[in-house]
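Two complexes follow with subunit A in common, the first pairing it with subunit B and the second with subunit C.
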Partner chain A sequence: MKRRLIELAATTAALVGFCGAASAEWSKTYVVEWNEAAMYYGAKTGVTDPGTDCPKGTNPEIDQVKLLEDAGYTPAEAKWLRDPANPSRSPVHGQNQMAFRGEGRANVYIHPETTKDYGLVGVSGKISEGINLDGDTSTGFVSPTGEKGIDNTFYKTLGCWKTYRGPPRLSSGALTFNDSMREGAWTVVIVVAGKGDDPMNDKAVDVGFYMSGDKLVKDGNGEIARDYTFRIKPDAKFEALFKAQTKDGVITSRTAADEVWLRDPSYTGELQLLRARVSLTMEKDGSLKGYVGGYRPWKPVYDGWVRARGPVIESLTWVRLPDVYYALKRSADYSPTGPGGEKTHISYAERVDAIPAFVMTPDASKQVTEVTSYKAMASKEPPEKKKIYVVDGLVPDPKVPFGESLKVYPVPAKVSEAASAAPASGRK
Partner chain B sequence: MLRRETGDGQFCPGSEDLRRFRAFTCAGAASLALAGATLFAGGLGDPALAKTPKAKPPATVTTAVRRITESQYRHTIADIFGPDIKVNARFEPERRQDGLLAIGSTDLSVTTSGLEQYFALGGSISEQVMDPKSRDTQIGCKPADPGKPDAKCAREFISTVGQKLFRRPLTEGEISARLTTAERGATLAHDFYSGLQLSLTSLLLAPEFLFRTETAEPDPASPGQYRLDAYSKATRLSFLFWDTAPDAELLAAATSGDLQTPAGLNKQVARLAASPRLDDGVRAYFTDMLQFDQFESLNKDAATYPKFSQAVADSAREQTLKTLVDLLIDRKGDYRDIFTSNETFINRYLASIYKVPFASSQEWTRYTFPQSSERSGILTQVTFLSLFSHPGRSSPTRRGIKLHEIFTCQPTPDPPANVDFSKVQAIQNGTVRTRLIDHMTNEGCSICHQSSDPPGLTLEHFDGLGQLRTTENGLPIDVSADIDGVKFSGAQGLGKFMHDDPNVPACLVKQVYGYSIGRAAGYRDQSYIARETEAFAKSGYQVPALLTAMATSPEFFAVKIPAGVKVASQSDTPTSPTR
Partner chain C sequence: MSLRFNRRSMLRGLLGGAGVGLGLPALDIFLDVNGKAWADGTKLPVRFGTYFWGLGLTDTPTGGTRWVPTKKGPGYEITPELASLAPVKDKVSVFSGFRAIGDGRPNVVHWSGHASILSGIAPAVTGSFDGPSFDTRIADAIGSSSRFKSIDISPSGKALSYSTRTGKSFSTPEITPVSLYERIYGEGFQDPNNPNWKPDPKVMLKQSILSAVTDQRQALMADVGTADKVKLDQYFTSVREMENQLELQLQKPEKCEACVVPGRPGEAKKSASIDVVNENNKAMAKLLAMAMACNQTRVFNCVHTPGASETYIAGDSKIYHQYTHDEPTDAKLGYQPMSSKLAGMVMQGFGDFLAEMDAVKEGDGTLLDNSLIMGFSDTGYAKIHSLENIPMLLAGGAGGRHKAGQHISSEGESVTRVSLTAQQIIGAPVGEFGTGAMKTSRPITEVMA
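And then the complex of A and B:
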């Protein structure tokens, strides 16, 4: 009879107990302490430096005055609008006037196609982190360890954008989003369970990603502390189950999961992955590191950045958001409806770092030792709608003529008229 | 200008007002700094009382003055004014003597900065009590005109609250002084409540509140002898059992004289012991005995013990107190089982330190360590293990010293000034046992280390935070010990050894006695301590039984008149009610 082995990762030294009759032969449980888009960094140091990934470095800082001039503002108007010392340039929304640079003063964040595509420079290197999603080794990138066929067009498209670029765990975007998670905004736990004798080499392994309502706890060094307990919080949407296997401690999907949803570490908030797979390594120190990948819808990515207050994002991360829109749309490489359908999705991988943790059932009565769905236990209450007012106000109030507040610098009548007519329809 | 008025007519103290305000309220506290250091007959004086006509010295002797502790202050305020009153202050440090802060409290005074703290705190509490939303309930009466003084209502409040704070009825002089304050304050502010607030602040600053004054009176049953007066008795009982000032029933028993009778005393002690508030008393006692005040300065090297945090420290402290209350009070268990019982409580923070799952949706849950955990009672909880370690490493020596000091009342002398610690501190070498053996080649150190280190070394499977380990620097840790010919191994062996050590219960009896009376048990107390220890054993080492037996014994209230104090003549009338 096979020895029942429970290797709860949080108790590498102490055997905690045996699981129930229906549970797997072994299980390890973790909590995600870091996750970010898998963006291979090809430079030696610095965010903006050239590297094998981006030979010219990151996309350069935007000349926003010129951008406004391109949109039809006079140089004086453009400078006035961009002058942070001007107290009356916008009494309510600061620099939100950057929105109204589309055709007919349309809001370019809502209607990105009302402005031209300046062209976002993407990755030209050959190396990428991620997973071979389509099984084709003749396409895609080569992994840092030499594996061919890595599919990560998301990286190819946005990898030279300043917000995503940098060594692992050091890009500004990853720092921002993980700070939020690590301060308690959300928690994701991972359960790995198998039925074989050897967890490191098991042909039937299940992997589950679940939400938890218990916050991460930081240790004395500011890192997430190990061995804390987290209860699964059933969620009707955010749950990802994978059929996998282990070989020498590396967990890889046996088959792709048709559709999973994860909590996205970005302004998008939600990460739908089609044809999803995992590639995770059980490290000697008890941690779990690797990737979860698949094809994600590209439009919510753009929408997320826009909702995060587009003008600020553009200013801080050196990008024209409409360029991101055009780039993602242009690069999308997957259609859910088949090869001939509209490519609404783009190949993507997320880097996941997890540490040992105790994972409990939702009522905290038992340790979780198997991978199963908890969606049926999710609250029937509709999720609380997040209040994001960022886009509000970017659309001019038609009752208030544009320029009403611009007493210091009178705006030409034709500009006012054009602006008050916004939002204009998109350019076809 | 004495007074400014805001737009809504509220009194707003300006600098001159503040000076006068302080003059009012500080009048009762002017002797505060002297009170802790001075024993004197006739009670502790409020200067305002000096004007009272009673010139005849009372026939009582002040036998002890002890500054109330922070927890006693907090409990008292919560009892009188409710738990919603915020007590936001830093209290002055306390002083440990003969192993207990309670004994050190007899030597404590109040510094200038401490007085400032009490002043600010008293003002804050008074302000909260006089909050318009709750003052009707707090005060219990309403002034005829809220814009004017009201002596009747003020007297009622001052008398009632003053008795609770002073733990005895106020003298007429004490009342009239505060009435004057209330009247003048109300007149100045055109607000009855502002005046009463000043009076309450004055009461909260008074040495009669901040210090427990124990008073002896002539014993009518034994001419020429003294006994503790009834209010001092009530106070001693209440602070021992409940860690707070006497409640109305206990004060009534003191006033009626019941408390001076065996039956009355037994009745009150039984009531105090049966109350759920006994938890507070037991927690306060063990907080003192186990030296948990050191948690306030506990620090750990984050590189070595990253899991340590203030939340962990607070949780650890609470874990041990919960464990003790559960075992000793709720389950009326054997005191000696504190060294062997693995039934405890954990929260999410501690579960991480102990590397066990936290199977509860509540803040705390019961937990029993399995045999494989190597844990054994409170010596293997994070409290003892982390408190008596170094910031970056464990310390068998410190653990051993504290084990002897706290649980067997055997203090260890301080090390000589010229000790070379270099071998012990070379933590990269071997295990701490091998390093200590090297260290003990110094003959000046070996005597003490031979006593302290063996028990401490048995706890070495727990690091400086209390986390389980089996190796140090890659070497297996030897946790064997031979103490007085008794060989055992590990924490569980130590727990059994302590459980069976007769010095352990005897030490508790001695400590509880010292904690209660405010002085260390001396040579003359030996036979009493021995009798109480025997009774403790017969009770099955039940702590409530120990407290009850001690509190109902005559020796517990025995009076020791300070040397050089003139005592009353036999013809003097005792001030305490009697039957």
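And then the complex of A and C:
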């Protein structure tokens, strides 16, 4: 029924003619049903196994008791802080005291440089998914299909971190954020339009990524339903337009887009890409698969993880967040101000899977057949603020002021005795 | 005169080509002259309970399931995480593949799943439902003739209940065996089998105080405006309920063959470790089972462990919630081993609970045979807070109305179908349940006798 209505609308629109710019000769429209950081998995099995990307497998779990001891807590204090029986350890928000392990008990989430860099182990393999962003085939990775010059330093830096590592669609981070998107948290549609006769080989193609306020719909098997209808929701920030071409059904950028913004499947939530490009394939089954890449600012990535509650992220994803800060800062490979400027950005690619969908104009009056900007139509209202109350990477506990856990809930004598009997390795 | 309908009758018809059934409430015409048994002699299905546990059961995107039976219909096989249910398998139906549908609302983690199951609508925010939980409707239907309309327990020691009449405020549960004992068997308890029963003077005094203000109550209602009338009406409704309860306590209770007043339990340990939670759960199940056998209540709600469960294995530094998120899927096993182990331990709680109810003999069967307990969780695949394939179970014979021992497999239908089925089996006067995409008038008739 829905489809019939849309066909009717499209027919009507064709009869009355489109306003504005002349429509393209052909167009295809999609909705993103999965997107994740493009992280090549070099193992043949599992989700954490050793592979060509990470020869020792996914980075191992952090010994958090040892971490606290390294920061100067006594073994008894460290053990008690990590004890599930400790009332200050929230099952939802973690153990706030984990933050205060910097010099002078500084909060390492907001002051990461007050603690040492343990060194985040990154990818050592030569293969990566992504796009050649700088046109230089002598640098970067080789793609799984043999293309040289793939720029994806984000992957090289964070690719062995458990939250990102795994085969397509199976890393824990991708599963979490895509499930959220698929349950209706946000929707991204893609419009591809060309001026030539053959969509598969066209030298003048435009690609547009837009937000939609309409939620994804699941079919009876729990997959995102094809051929559903979505209206573009003009957004003042999230919109990405590309000048491209097609060759044998593969859409590639003709020129890099200076700056685009996409809804990021991460705690950061937003993805700014400079010098952005696409490489997308129109598959025989009607779907669209590939990458959108560019240089993203690295600091918001770190801040996103901190805002997601530092202690929770560290324990669930097996990482020391200051290590992530140091690694991203060290690996950043692009400066918007030129080669000599501060490298605030890092090369990145996002893997995108999209399926056919009907995409309508914001007022649903006609089917979208061309790529144009809708930013001017965006609401002037500020975006809704997130409800979770996080301060400096921590959720305040009214019973336990920041850094006062050991005063409010001192180490029980039993724990203290057991700890003092054990060797105090790593104690300062 | 023969009846055209009996207690098992359903109004049946076709909707969109599919068969639908509408259960009937426990009408007087279906009862024997005493109202204590069905006209054909079998006992009333007068007990209902909800049993919640946090963090679902193990299911992974790569296909590893530790709880969904392969066989559908009757005679399903016991899966590893349902092992604790083996002794009562034929009294338990398993529902797999059902999901909570948000209708565009975001997945409020560790909340949307059970809120949808109980209220029929995905909640807007955590901490409240957008409607009452359906157990309250059942309590209204079958709980008025017992001392407590319903009793809530939370064996993990956290004061948690998901039973709500308003969606905003939730019942206050008993959190230790001792507090549960005191509530049921402490002040005000009357042993139904005591041959020397006499009305409690304290109860008579309370009743007379309420009666004394009746005239003033009516005068006050006549003086106030509409808004206040609504408030007062709500208030006096609860007062009338209290009067009914007092009235009930002033009547000599019916003898209950199965009722044996238990002894006071010892002080329980306080810990979220799974062994302690299960120990308390079992002790409270025993007290609750006898409370039902003694006709102190006919409805209960149990929250074994919260959605973001903090339970853990004693000596381990990680809690169950953390394992579900941070433990990788073992490539060879195809699932998260520690999460699965903990899921099995958590389900041991449900097995113990049902065993306690099955241990109470009632007539030719057991208390469990005369009860219906809906077991459910907040999530499917807990690692990502999935709202798909949320495990749901119906346990107990419901006095013959539940065709138990089946595995019902769905491909993404709404969880509210199971909720509606539970309500209709127990006899609540409800023809449909849920809102939006979760609105349904189709119970799962395969499990309805």
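Definition applied: the second predicted complex is superposed on the first by the 361 of 428 C-alpha atoms of A that agree within 3 Å, B and C clash if a C-alpha of one lies under 4 Å from a C-alpha of the other, contacts with A are read in each partner's own complex, and residues count from 1 in each chain.
The definition used in the following text is that contacts are C-beta pairs under 8 Å (C-beta built on N, C-alpha and C of every residue); 3 or more make two chains touch, one makes a residue touch a chain.
The structure displayed is predicted, hence computed values, not measured ones.
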Which of subunit B and subunit C A:S365 touches, first, second, both or neither: first
Touched partner set for A:R231, first subunit B, second subunit C, both or neither: first
Which of subunit B and subunit C A:T58 touches, first, second, both or neither: second
Partner chain in contact with A:R320 - subunit B first, subunit C second, else both or neither: neither
Subunit B versus subunit C as contact partner of A:K329, first or second or both or neither: neither
Subunit A: partner with more touched residues, subunit B or subunit C: C
Touched partner set for A:G220, first subunit B, second subunit C, both or neither: both
Subunit B versus subunit C as contact partner of A:R105, first or second or both or neither: neither
On subunit A, the residue positions that both subunit B and subunit C contact, one per complex: 219-221
Contacting residues of subunit B [partner subunit A, same complex]: 300, 302-303, 305-309, 348-349, 351-353, 355-361, 372-373, 468
In the complex with subunit B, residue positions of subunit A that touch it: 10-11, 13-16, 214, 217, 219-221, 223, 225-229, 231, 358, 360, 363-367
Residue ranges of subunit C touching subunit A (in the complex, touch as defined): 61-62, 99, 102, 104-107, 110, 125, 271-273, 306, 308-310, 312, 316-319, 321-322, 325-326, 328-331, 383-388, 411-412
In the complex, subunit A residues that touch subunit C: 45-49, 58, 61, 64-65, 82-85, 91-92, 162, 169-170, 172, 175-176, 179-180, 183-185, 215, 218-222, 315-318, 387
